[in-house]
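Take a look at this one; I'll ask things after.
When the chains are written out, they are named A, B, C and D in that same order, and each has its own residue count from 1.
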Amino acid sequence: MDAAMLKEIGEIVVRMLIIFTAVFTGVGYMTLVERRVSAWMQDRLGPNRVGPQGLLQPLADGLKHLMKEDVTPPGAHRMVFILAPIMVLIPAVLSFAVIPIAGDAINLQDLGLPWDWQIKPFIADVSVGLLILLGLASLEVYGVVLAGWSSGSKYPAMGALRSTAQMISYELALGLAILPVVLTTGSLRLQTIAEAQAGTWFGFVPHWNVFIHPFGFLFLLISIFAENKRLPFDLPEAEPELVAGYHTEYSAMKFVMFYMTEYSAMIANAALMVTLFFGGWQVPGLVLPQPWMFLVQAGAFAAKTFFFLFLFVWVRWTLPRFRYDQLMNLGWKVLLELAFINLLVVAMLVAAGVM
Amino acid sequence: MPLVSYISLSAVLFVIGVMGVLLKRNVLTIFMSIELMLNAVNVALAAFARHHGGLDGQIFVFFVMAVAAAEAAVGLAIFIAIFRLKQTTDVTEINLMRW
Amino acid sequence: MSLDTILASGASIAAIFSALMVVWQRSAVISALFLVLNLGSVAILFLTLGGEFLAAVQVLVYAGAIMVLFLFVIMLLNPAPLKERFASGPVVTGLTFALGVLFFASLMRGVMSLAGAGGTMASVGESYGSTRSVGELLFTAYLYPFELAGVLLLVAMVGAVVLARRQAPGED
Amino acid sequence: MSFLHLIWLIPILPFAGFVINGLLGKRFLPRPVVSGIACLAVLASLVLAVGAIRDLHDEQGLADMLNNGTALSALGVRPSADGFGAVLGPTDPDRGLVLEASIPRARQIQWLWLSVGSVSVKWAYSLDPLSAIMLLVVLGVGFLIHVYSIGYMAHDEGFARFFAYLNLFMAMMLVLIMADNFLVMFVGWEGVGLCSYLLIGFNYREMFNPARHQSCADAGRKAFIVNRMGDFGFMLGMLLILVTFGSLDFGQVFRGVHALAEAPGSQSLLTAMALLLFVGAIGKSAQIPLFVWLPDAMAGPTPVSALIHAATMVTAGVYMVCRCAALFAAAPLALTVVAVVGGMTALLAAAIACTQTDIKKVLAYSTVSQLGYMFLAAGVGAFSFAIFHVMTHAFFKALLFLGAGSVIHALAGEQDIRRMGRLTRALPWTFGTFAVAAVAIAGIPPFAGFFSKDSILAAVFFEQPILWGAGAFTAGLTAFYIWRLVFLTFLSTDRVEKERRGHLHESPWSMLAPLVILAFLATVGGFLGVPAFLAESVPGLHAAAEWLPGYLEPVFRDARVAGTGMGALGFHGQAAVHGGVTAAGEWGLMALSVLLAVAGIAWAWLLHGRGGELAARMAAGLGSGYRLVRDRFRIDELYDRIILKPFYFMCRAADAFDRFVIDLMVNTVAIATEITGHVLKLFQTGSVRAYALSMFIGVVALLAFLVMS
């Protein structure tokens, strides 16, 4: 193993360390944020005992679940029952591999570290990154289906059916909502899309896709709420009807994995929205020397992402739940058509040379 | 891997698929075996495309996928309809078209 | 051995194994899972053949849509697992196997003739199999087939809706 | 950008009216909106047409467009591919505006319509003096009839449908007129046929001829089928032209005709083409032997009869023959056939018209007769006179029909002139305008019909003296039957049924205004073509001397060059060729025709002016001859006898053959198949796997064979 290869592997490891650490920390604290913010909105206190302001609560939760009894129901298909939470978590976490968190690579030496390693702002540079993201999103369905099926119980089965139907349905609208961006950018590579949003109009309006494709963004936002099974679209786990949906029978670490999936998918989707429509890591007009540029951009990216995460929580405590037929009607009869019309219009404008 | 390996792999997958279609009892598995055969063909197409250095083979794969999607949609709908009628997925019990 | 060869060999072994399991398993759900594995392996094979767009579409369409639909239908119907592994008795099964062997032998004989006739891969450029190159070919030389495929999918969709629709009482 | 760039809009506007009224009219639009859309669409087309025609004769403007390359370089001026004029518009050879300043003609190529092998047909319009005249006549009369229909159809439940059809008809007629090649013309030709069918059968539930159990729908079907026979001839003609010249484009075909006419032995080919096209004209313009549909076409509402079956559509045949003047002029035999058919039809139909008792039937036969005149004119090469007569006829015949419609409207549907009479007081405006039209058609100077008919007769006199005799006699008959109609309808004794008396009222102004305008046109329309000798001797008329023939001359110039002798009679009448004819001769002819007209009117007064006794006695005296004429020479019955009866017999024979010979063979095969099927069905086990296995065995065997061999 020569030095070059070592360097390459090192670079990859550092990249993964940075991003996955950020993601897992984010997931952990997202649970806290959700609980604190909802408490705030309901004029309660929320968890504030473990650590200062409850900041150690995620750790405590994790420890609690680790030590809980792991129950496997008697009617379950044992192997698939274990496989299912893994199969949901992996695609959700893998999504971060293609999302860029900053513009240019950073050299570890700039940070005062001894290694001359170029750390790229993403784990994998894939030219079909967006397709990979969509593919991973659709792979998440497997875990859900299998969880519901393998539990050998009615509530999870019903919940899984609903989830699957909902996710497949809204995937179409999601894809159609994204396509206009691909049309105007001409690339499926996320870094290219983010880079294309540099600059401003009139000096103060940032050159973000959301201003070019407001409808696309709107449809994407709605689809993502449905994809994530968040309120107002949380029918699959509507507790008055289905206990907890497809993961009713899960407990302990397996349950934690579903929980983590939900939040990492949320973060991934928020990051996707930011990358596609809000300039990703772009900070308009900002020019700094290298280590700072990287850090500020990553910070900006995190801030934008957090805004959407906050939006998720906000909406959860603001809007009531849809009925299931309304949900399906919205997906198939409204959103799909509108997204399609939007795509057609954009395509015409692109063909006419306006965009 | 050389071309022959890919094509051999394709042949193996195809034969496995054929065997699945001929031997299995569950219509759903039979249907999956058909998908297996289609995949085997896709491997061969992509391999030949690479062999010739053109992209036409890949385009064919693309069309095979489109056809497979259409086939899956209609096929599964038929299965649902049959299942409602016969309450079984056993292919040996589905013989309505008998004289 | 290059990285590509290792990847391709591994994927091939996975593909054959999973294909065998698809046929071998009694439970349709497990079969479907192995089929997903098979599709994933084939996607990797596509990558080694330079078809990155194809690989992405394989995952997106086959694994992401078609197989999910399969699983969904299996769950919806939730049939009781069948007892027998194969449909026929031992005699017919054996004969079918024999036929399969003969078929495989014939195929391999044809395949082996390739080895002599320069079965090497052509050298291709960076853009081979990229979204742009495949897309350009698809929307120029293969435009009509592409449109036809779209119509086919539409017809299939309508057909599926009509077939799977439960008839309301009193409706013909 | 001039109006010439917009001529494609002229047919589109009524078509848009058709679409809107057809789709929305019945359910969503109130009646005033429906009629407003329909009338405005036609009016807008009329405005566009007038503008385009003005621009067409704006020599300075045309010259600018053709020559001033720098000013128009932005528009992409370039010489046209065939060397005739220049093309304006994008550099696509299948689009653009082509100007031929010498005629002048503007051709607008819309798009490449069909392209098969070496043949390409473009959807193209052309505007030249000939189509300009037709455009103005069709759009003008058409607009007036649209307005008239508002009042006439006010109580009809199919109001929107009627206007939709009427607009569709206008669109198709305009396509026909402005077509730049045979195929586009054919589209219009079939389109107007379709509208004719739809409108004849407009009241499809009502009986039209209870005696023969014919509903209005049957009448429509008859018109359509008879027209199809003619269309078949047209199609064959087109195919022959296509095969011969490799093009359907008017310009190319007629240049080809000139080239071909020079070649020896080409006469039969040219004659065949001309005659096949003429078959189409016979069908559309109701000439012998295909005239039987037109009288039955009176089943349609009266405005339809006025617009389609008098003023416009039926003249399409004449228009087509004139459009193909170059071809007909190159085939003298065909031209003679045209003249003979026209003359015969004129005489025959006029004779029948003298005996009919249905007001619209009389006018229908009159139309057939007048169309015969037009073909007579075309047949002697006097194409511009034919178009002249088309125009004047459109005025006075539309007026007659609309007047008749007003009478029918007032009498709540009564059409039998034996139950009319003494309507002058109740219907003063109708009577006045109707009388003007009657004077015009009878040929009394200075009304429109006099000039056109007299020009035709004069032209015929020098070419076909026998046909002139027929024509002149027909002129007398015409005056007789039309004034018989006037006397029986408006004057004579009061024979109106009591219950209808009370209903009697003058029509609303929306109906009368078109009548008055048409009456004005029928009065002065003839001055567009005052014969030269007359114009010279009457002070103040000099400027009007043969204005219309002069205007049309460039279009028929081809026909003059190509033809031999007869074909030369396109312009300035006979004088150009028959230099020896004196003005005195022409004065004599004119005096004779006026005399005949006056005699006809006098005879009508004598027979029908005060009571019908003399007429009845005369009819009895004439006996079987009279009945033969009254029964329309029993031509419908003749067709029944010689065409339908044998046809039915053949059908029965074919039926029997089918039953006893074909069926026997088929049944044998069927029984054999059935037996085989019983054996083979044993293989159909219903098990998919069995099928799959057998397929697989076949595949393996085939593959093994291929690989091993």
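FYI, a residue touches a chain if its C-beta (ideal position, glycine included) is under 8 Å from a C-beta of that chain, and two chains touch if they have at least 3 such contacts.
Computed from a predicted structure; not experimentally measured.
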item	value
Most centrally placed chain, judged by C-alpha centres	D
Far-end chain from chain D, centres as C-alpha averages	A
Cα-centroid distance, chain A relative to chain C, in whole angstrom	29
Inter-chain centre distance, chain C versus chain D - centres from mean C-alpha coordinates, in Å	66
Separation of mean Cα positions, chain D and chain A [Å, integer]	73
Inter-centroid spacing, chain C versus chain B (mean Cα positions, whole Å)	6
Chain D, residues touching no fewer than two other chains	689, 693, 696
Residues of chain B whose C-beta touches two or more other chains	18, 22, 91-92
Chain C: positions in contact with at least two other chains	53, 57, 65, 69, 74, 76, 87-88, 96, 103, 107
Chain pairs that touch, as defined at the top of this document	A-C, B-C, B-D, C-D
Residue numbers on chain A that touch chain C, as the complex places them	77, 80, 83, 126-128, 131-132, 134-135, 137-139, 141-142, 145-146, 148-149, 157, 160-161, 164-165, 168, 171, 188
Complex contact set, residues of chain C against chain A	27, 29-30, 33, 36, 52-53, 56-57, 59-60, 63-65, 67-69, 71-72, 74-76, 78, 130-131
Residues of chain D that touch chain B when the two form their complex	681-682, 684-689, 692-693, 696
Chain D residues within the chain C interface of the complex	689, 693, 696-697, 699-700, 703-704, 706-708
Of chain B, residues touching chain C in the complex	1-9, 11-20, 22-26, 28-29, 31-33, 35-36, 39, 42-43, 46-47, 49-53, 55-56, 58-59, 61-63, 65-74, 76-81, 83-84, 88-92
